[in-house]
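Lettered A, B and C in written order, each chain numbered from 1.
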Amino acid sequence: MYNLLRQRASYLKYPAIDFTRELVRTPSQSLKEKLVAKKIAQKMYELGYDQVIEDDYGNVVGIIFGLESEPCILLNSHMDTVPAVKPSSDWYLPPYEGVVWDDNLYGLGAVDCKSGIAAQLYAGHLLKKLLVPLRGHLIVAVTVAEENGLSVGINYLCAKTLPSLGMKPSYAILGEPTNLCLYYGHDGWISLDIDYNTPDIKYARRITQSLVKKIALNTRSDNYLPELEVVSTNKSIDTFDKSHQHARVQLVKRLYAGDNADSIIDKIQGYALDTEKNYNGTRIDVKVHEEKQQLYNGKNISVSYIINAWETDPFSSLIDRSRQAITTAGCKVKPGKWQLTHLGMGTGGSILTQKYHIPTIGYGPGDEKQAHECNECVAVDNIVAAILGTAVIVQGLIGVPVFGWTSDIDI
Amino acid sequence: MNVFVINCGSSSLKYRLIAMPEEKEIIAGEAQRIGPKTEEPSRIVHNSGGHVDTFFVNMTNHAQAFTEVMKIIEEHQKIIPDAFGHRLVHGGSALNKDVLLNSDILAKLDETVEYAPIHNPPSIALIKACIARYPNSPQVIVLDTAFHTTLPLYAKDYAIPVWLSKKLNIKKFGFHGISHHFVAEEAAKYLGIPISRLNAVSCHLGSGGASLCAVVKGQSIDNTMGFTPLQGLVMSTRCGDVDPAVTLNLIACFEGDYKAVQSTLNKNSGILGMTGTSADIRDILAKSVLTEGYSSPYFITSHIYTWRLKKYLGAYLTIAHPVHAIIFTDTIGETVPYIRKEVCSEMDIFGVHVDDKKNSYIENYPSDISESWSPVRILVVKTNEELAIARNTYKLIKNNSGD
Amino acid sequence: MPKILVLIPTHNMLVYAVYSTENKKEIEKNVIKNFRYDQKDQTQINLNQTNAYYKLNLLSLLYDIDMIGIRGLYGGTNFKSPVQVNNTVLKKLESMIPESPLNVPVILELIRQVQKIFKDTSIILFFETAFFVNLPVQEQLYALNAEITQNMKIRRYGYHGLFHENACRITASNRNITEQTGDSKILSICLDPIPELATICGHQPLTVTSGITPLDGLPGNTTCGELDSGIIITLEEKMGWGPEEINNILTHQSGLTGLACRKITVAEVLNTCEPGLIPVREYLFYRILLTCGAGLAVLHELDAIVISGRYARSAEPLVQWLKTKLSFVKLRNGKNIIFDYIFTPLELIIAQKMITMYNEKQDNLKSKIITIN
């Protein structure tokens, strides 16, 4: 069976590349995913998915029905991208053309996460085309507002859409960039609004520096990854306008496994209280940064800027079975975790594992280092490898066992 | 020469002191319930010249059991054995024949554990305890697998990639070799044929494990057990032959927990697994078709048991042809006429004809239960693994001292 | 005159053959490679654009096809004989997908495609396992825990029922066995990429070497045949492999290929003079001899040994060797052992059965007309 899957996956190379290019050519910054959503839905119909749904948040869900309803697997990638970090003129290949050069596909979102979308859609198609029976349903969900909306799309999918379909995933695989490794988690981060109410606004910068120093002293510093960032300060800090006694600083702090957001906030509020003592009449409030946003379909939502750290047990049967399946298909595999080289990055894994208790791993064609970077690109061979790898993982987890049977014996 | 023979079970230790070459048994006994506490206390049942004593002593492991046994023998019998014969179930890749123990061999013993992780460790612990107590006495290791080292390649190999077989030393080892060899020798004596000319099919049917062995010119050419004792016949709790796809499916069902699968196939299959009530075929046969019906699990189980036996018997009669004798031995083979009859009936095509009258009642062992005109004799021979170990021990020591 | 069409699908290829109902002659026969895909980009799942569709459509235009026969590998306990496709049959087949996940879905898809092209033509399914549905229970079952046997529906089947049944019927008829001595007692050896031996008494198979899947039993081109389960446990433990990887090794890299250390077929091994392959041949011959002996034990008597299958024409070295090893066996008629060869290809076996059905149908029609008149 694996020989057959490998052979057939190779035929999907150019269609998958073409589709990824099409997605890259369709700009889909967060909250503006309408056009790309339509293309994804259309492709699912073409590829023969049994049911294709666009839910109230704009997520696109394709389903391949299994023989029974359980165990059910969710393949998830997000359709939105971050804005280009630099203007198009700075890219040596244009960000919205999807140019393939030197076996790499270039463009904004190529890695994060449009090649992942293509790999997952075609993985489902591959299994369906080869008539590989599945015990439970295969759900391929391409969700909105992951980059800017902190996975509100996937949250809605799990809270409302899937339950309305009578489906609860037993496992989830994210198509986020993992460079074809099996990723089992990442750190989180929390964005905090530090609001000052102070009689002397010139204190604000000093207070910020003091607070940041205090927080930095009490955080881990044993790796090279960013721990703390000051995202923004509002103008009032710099103006020393005596009429403005309010200022706001937005901080982003890394969260580790086991960190509790409430206790982090309490701790920082504690530092703030200490800091207040040194500045008479100053009051500092710490709370999670929230924003009101509007999805592409007009729906208004409120987003809290918090991504909890998450980790699936690296010795769990999910990772073990996935590793075994990929190895049998002749693909190399190694486990790892996303590094989150910038604070503010994340995946839907946090929501899936922490809130909905769905064991989750990541397996995608892109390289995390390329994500959100200028000249973002993905190796095209990785897309084919990801189609095959994702298909064999799905078969290994929810496929009907095929032990003892061979499909390749010719007459 | 007084040879002390030690035969370890998982929670027992059988011993005999046998005067060789006379083959006279001086002492026999068994240490029972070794290891964790059971409902009844651990004990040594000691038989000396027909007089049986029971000693209740604490024995948490086999080494301790050995010490207690030897204390009894030294203190009560005032005997110190001249030599020791130890049974080892599996020699692995380190040992492929019976050996006189030396420091090199001793160093290799631990390598054999992985091949028989349940049986070998107590035997090795016991060997070490014996050496410590009697460092100057010759010690011989007699292997259950040694008799089957003569299997030809086409019988020993499995049809898996050669590199894999070589890497993991995967081949058919065969088991119950001590018993099969012993009963073949006894059968040859009984028939008046030199062992080097004997062709036979030996059926070691125990209340636990069971195997058939095809013997040609006194040498084993095939055995129903394989790389492990799991292969072959239907046994008390082992499944015997099974489609590899079943094992793979079970591993997937148990989410990769191969130990659980191993336990299921070894301890919760076979007669016990099929009936759910007993692991002993005698209990199953006792529930006759008249009381339980042809579709009852008991009838079906007994039918599967005898059917597979019969097929293997036919297979081995074919490869060992012309066969002088079929030999039945061990608990079931020696004491259950129904099994012998079922397996040997309608085997005229092989020249096998069982005499029902002789089969139903056996006075002496060995006994011939075939029709007088049957080209192939059917013998029932009592196995005596301890005597076989004593013979091999004596022979090896004599040859060694001769050298 | 109407024609019949025989279809034999695997995952990658579709063998088709057209026969005349009048003289049973083969009119056309060929193989469609990649039949489930289209020429252009190999991705379409539109059944109207596959290679099979184009060819079958052409056949429907060229010939007056009265009946279509499709060979399926696995029919489970539901199908004990050839069956005409209807909605009930399709539903039963769908329920059997978990039991034979690589074969049943292919058959279902092919049936749907054929139904679209040959709109009102009868489709008859012939299953290899059908002949073995009534294996004696002591042969069917493994000595496994009763709960596992029941939950996993574990029982033994044979996977060359069409070859075995045909070979035994012809042999019994040619040698007038049934007339002379009642039910025939035959050892049937099917030499195919996965060889299989069955013992048959009359029309009743008593034993078969295959298992719950074709993996058990005799070694094939790349399949391991019977294997100590302890080896599988050892592979998992020592190599860290999962069941998929072990399955891949046992189904694609083992058997005669595994022993020969190169890709090889049963036919090549049967005919080889290459010194390096002699041990491989000895292995195969030995396994077959063991199963012959096992078969003789349950048959009690023997009328013939028959060879069939795709590699039957390569069987001579095996037959000569078996003759010496089984020289002690006397047939029921007192003569020395005989071997019959039945070279009928699978598609012709199916065609002959269908022609018989066709003729019966015609006779029934005729008798109805006579009655009305």
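The criterion applied here is as follows: a contact is a pair of C-beta atoms (placed from the backbone, for glycine too) under 8 Å apart; a residue touches a chain by one contact, two chains touch by 3 or more.
A quick note: this is a predicted structure, and the numbers were derived from the prediction, not measured.
Novice: Write down the chain pair with more C-beta contact pairs when A-C is set against B-C.
Specialist: Result: the pair with more contacts is B-C.
Novice: Closest chain to the overall C-alpha centroid, by per-chain C-alpha centroid: which is it?
Specialist: Centroid comparison flags C as closest.
Novice: Centroid of chain A to centroid of chain B, CA atoms only: how many Å?
Specialist: That pair's centroid distance is 61 Å.
Novice: How many angstrom lie between the centres of chain A and chain C, each centre taken as the mean Cα position?
Specialist: 50
Novice: In whole angstrom, how far does the Cα centroid of chain B sit from the Cα centroid of chain C?
Specialist: Here chain B and chain C have centroids separated by 40 Å.
Novice: Quick check: what residues of chain B touch more than one other chain, meaning two or more?
Specialist: Within chain B, the residues that touch at least two other chains are 243-245, 248-249, 252, 256.
Novice: Provide the list of chain C residues touching at least two other chains, using ranges where the numbers run on.
Specialist: Answer for chain C, listing residues that touch two or more other chains: 211-213, 215-216, 223, 242-243, 247.
Novice: Could you pull out the residues of chain A that touch at least 2 other chains?
Specialist: 320-321, 324, 401, 403-405 - these are the residues of chain A that touch more than one other chain.
Novice: In the complex formed with chain A, which residues of chain B make contact?
Specialist: So the residues of chain B touching chain A come out as 243-245, 248-249, 252, 255-256.
Novice: For chain B, which residues are in contact with chain C within the complex?
Specialist: Interface residues on chain B, with respect to chain C: 153-155, 157-164, 168, 170, 172, 226-231, 234-235, 238-253, 256, 258, 261-262, 264-265, 268-271, 273-276, 297, 300-301, 303-305, 307-308, 310-319, 321-322, 346-351.
Novice: So in the complex, which bits of chain A are touching chain C?
Specialist: 1-4, 8, 11-12, 14-15, 47-48, 67, 125, 128-133, 135, 320-321, 323-325, 327-328, 392, 396, 399-411
Novice: Over in the complex, which chain A residues touch chain B? Could you list them?
Specialist: 317, 320-321, 324, 401, 403-405
Novice: Within their complex, state which residues of chain C touch chain B.
Specialist: So the residues of chain C in touch with chain B come to 136-139, 141-146, 148-149, 152, 154, 156, 207, 211-213, 215-216, 219, 223-239, 242-243, 246-247, 249-250, 253-256, 258-259, 261, 279, 282-283, 285-286, 289-302, 325-326, 328-330.
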